[in-house]
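Same chain, two partners: chain A is paired with chain B first, then with chain C.
== the complex of A and B ==
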């Protein structure tokens, strides 16, 4: 009898942690379920509150409609209609048929006095703007805050910057020209000289393996990259000796350091503007449905997507991009013929004055 | 009287010259426009309340899942390394094998084999959100440490996010070094469970100390940086040449800043923060490491501190500290065979050159100030020495 009692007692002691854990899980599960139920109710209330807030925030506001743009703003001196008239053609030409849904996403602006120190009410809906913006600044606000049509992460990742409509695309191309002629990379120089395969490399189109060797071709470039951008990063701990070797022009050390960088940290030889110009070129070439085609298949390689958007093969598109960029060469500073003589004249005049004056005269 | 008037005139003229030089004449317009700072959008109160409830639910849900998985998951006794479980999608067998292979190599790299405390890693693959439930925990890692109900299992809930989900499912190549980076991610994800596996359950004082500071000094057992060869939480602060670095420095607790400056007392205080608290250790003990964990560290790069201590002092001495019943400062100093502050200050210098604290006047300004002071004192002394009392 006593043995039976002993066995029962042992079994109950051994089982108690398991049963207590079961009850703990059940208690925590109930707590989580109760929180979930409370969250669902709170979500419904929040949806109502947000909707009421939207109505309150837009009450007494004017609605401006230009093309597919809808702007809801309180009465103010802001030149929103003029800005919308300038912004709409630019937006329409970039996104094409993909902006059909744009009227569903109106801009909501709250124009406020920029010089007042009166405390402003908390902003729950829309964007605050100072009411002394001119047409150009207001247009830029519309262009930078427009709800862009669907844009997948893979494309955004490759692009490295937001694709936004711009009033001055020629400035972007000129900036890329400057990159082409100043980037310390043989590959970029090759692209500038018309090697389309090099252009594809530096634009990160196609094969993504061995980027280090293709972007930074010569040992001097790799050394300059390490010593110019990553000295602080590699100067401590186990990599300090390798850094010293790299500084002593040992390419294997420089290459090893660059290969040890975290993913995505290797600086691209060309900035995001170069890829933005390429996408704009593809959209321009592809017509009104180009944007739709660009975002239609997010799992496809970027070069295939660009090619499909532009309706031309990728080499032709890249060549077109390069030609556009080279044509956008910034105007060199031209001096009038007499400027050189004027400079020499002034130099001679001040030299003469200096020679004529005595040492002690003030 | 005439000389006084002359001096008054000279004084007034000097003041006028100064006023003309420094005060702009009336009617001048401001050179630039006033800077307008628009308000950032705030959620309505009702929305904020819903978000707070969602946050509570995420934490509660993570705890329940960890407990349920601990009961449910069958250990894979064929492998010494952690048992891998995937939630959110059914993986093809070769994908599972790939992940297990990487984990095996990580485990060997940490010098671990068969361990008394076994680790189970639940990888939460990203799935599309549902309108019925808040988005599940995707921005923090959760650990369930061994307790009285299960003394030999440490659970890890590791959200894979979009990038590693696609990689595990074989839909995306990891950039550059592929498996190397994936291994780094898995190793960093083991967190406190790696310590449990390597050294067993810590003694009560150490457990209480680590719980009080949310394990910020025991997040990473590996010998490399937590996010790459050299990458530690210190690198996230940026470069000392930029103002952002100093903003980050002065948002840290005073002892942490003092330690960055190489002060031993500061280092000691930073290490022993939470050691005096005799707080009860909750059961179940779930450690939630938030996405921006480096912002709440008491020591930089604290995530590898205990790992470095263990590597420096060797297994036996570290075990004597880990399982000690003595107060943390005594046990740690005994293991290090040096004072905690001294050792930690030296350790800190291995990562960052001690920052300079306090005012740092430029040399030129100091020389000018001293020269003026000497001149004034000389004039006063000369005047005083010539003064005669009649």
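== the complex of A and C ==
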């Protein structure tokens, strides 16, 4: 009997934490459900507020429609229609068939007097523009504020910049050429010299393990990276001694410091322009539906998405990107053709002034 | 006329040979020094940014040297005449404009030495250095630019030196008037930027000092 009592007692003692744990989980679940419900309510309220704000911001405004662009703006001398007519072909050529979705994201502008200091009502929707902008500046505003349709976070993270149209793609390629030549990375230099595997590494395509060793190949590069970019970050606390060792050319210390960086904070050897040019190349190669294919499957690896957009294998696309960049070598900083004539002209002019000087020193 | 030019050239050489020799040595040395150390192949991928930084830093010396050479050569061309109150020039059986032209030409001939110094120094520096892939050397473009800058600087200072004290006074008065107008405009809160306009007119486009502006790069992408 006493043994039975003992067993019952033991079972009840062992079961009590389980039941209390069970109740804790239930309580947490209820709290989570409550939070979710509050978040949904807040979302609905925010949507209503946005909608009301949009109505307030667009009251008394005109709508300009050019192609798939919809511009809602108050009456003003801003040359928005002309700007839209210039911007539309550039936008259309980048997003291709996906521009069908652009009318869902209208531009909302409020043209304001640039010289007035009168307080205006604060709007939380749209952009204020001084009404004295010319067509070129207005076109740039449209191109730099257009919403890329279905642009997913994975693509945005990899790209490191917004995918927007540009009026001067050759400048972007020239900037990438300068990066390929001057970036302090042997891998980038290998890419410049034609090693496509290196190009894929520095563009962060494919395998993402061991990036430190693949991006910054030599000990000197790793030391320069630590001492150039992370001295303040590592100078305090437990890493201070390792930093000193790194400064004394100990590669193990430099490597350890760089490996201790939070995920995603190792500086990429190439800036966002390089990846932007690659995406533009893929979209150009893939035709009108290329953008739609690029954004069709956000959970797929970036190289597969680019490959699908361009309708070619990733190695061919990267080789095409590299050739395009190498061909876009910027013009050297020599004098323009007229500068020599101008210098000769000014020399002759001042010489003539000297010839006209008086023989009599009065 | 040729004999006369030779005589003027000889006298001008005597007065300015120190400037010419030192200027030529400096013009020869700057390109060599700008690539010294930075153009080492053992720096790997770090070589290119270091090299460009060094070349850009040393590049600021070319316009300074061009200005200094133009100024000193112009002063040296006229200093003995100023000291002798131009009596020698008045005694010559020669029109004033011909005399000035001879002095002007002789100065240019002497300035050819520093220009050649830049060209030879740049070419040697580039031949001795190992440039990283993607970078290119521009010794001829740099020497041409230096030649234009020296010419403009020399012509400007030569014209000022050849003028009378009255001319110099007028030039100074115009500059002082510009400064005064700008100060008064600032005090009156007027939107007038004379200095900015002057800078644009002198340094941009086909302005007289445009050849001095910008980066002077012996090596670039």
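The criterion applied here is as follows: the second predicted complex is superposed on the first by the 271 of 362 C-alpha atoms of A that agree within 3 Å, B and C clash if a C-alpha of one lies under 4 Å from a C-alpha of the other, contacts with A are read in each partner's own complex, and residues count from 1 in each chain.
Here, a contact is a pair of C-beta atoms (placed from the backbone, for glycine too) under 8 Å apart; a residue touches a chain by one contact, two chains touch by 3 or more.
Computed from a predicted structure; not experimentally measured.
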Contacts of A:350 with chain B and chain C, given as first, second, both or neither: second
Touching partner for A:25 - first (chain B), second (chain C), both, neither: first
Which of chain B and chain C A:335 touches, first, second, both or neither: second
Partner chain in contact with A:274 - chain B first, chain C second, else both or neither: neither
Touched partner set for A:186, first chain B, second chain C, both or neither: second
Touched partner set for A:224, first chain B, second chain C, both or neither: second
First, second, both or neither for A:177, with chain B first and chain C second: second
First (chain B), second (chain C), both or neither touched by A:46: first
In the complex with chain C, residue positions of chain A that touch it: 177-178, 180-186, 188-189, 192-193, 217-218, 220-221, 224, 329-330, 332-335, 338-340, 342-351, 353-359, 361-362
In the complex, chain B residues that touch chain A: 34, 36, 38-47, 49-50, 53-54, 56-57, 60-61, 63-64, 67-68, 71, 132-134, 148-150, 162, 171, 173-177, 181, 227-231, 235, 239, 284, 350-352
Residue ranges of chain C in contact with chain A within the complex: 43-46, 48-49, 52, 85-86, 89-90, 96-97, 100-101, 104, 132-136, 138, 141, 144-145, 148-149, 151-152, 154-156, 158-159, 162-167, 206-208, 210-211, 214-215, 217, 220-221
Touching residues on chain A, where the partner in the complex is chain B: 17-18, 20-21, 24-25, 28-29, 31-32, 35-36, 38-40, 42-43, 45-46, 48-50, 53, 114-115, 120, 122-130, 153, 208, 211, 232-234, 236-239, 259-264, 266, 299
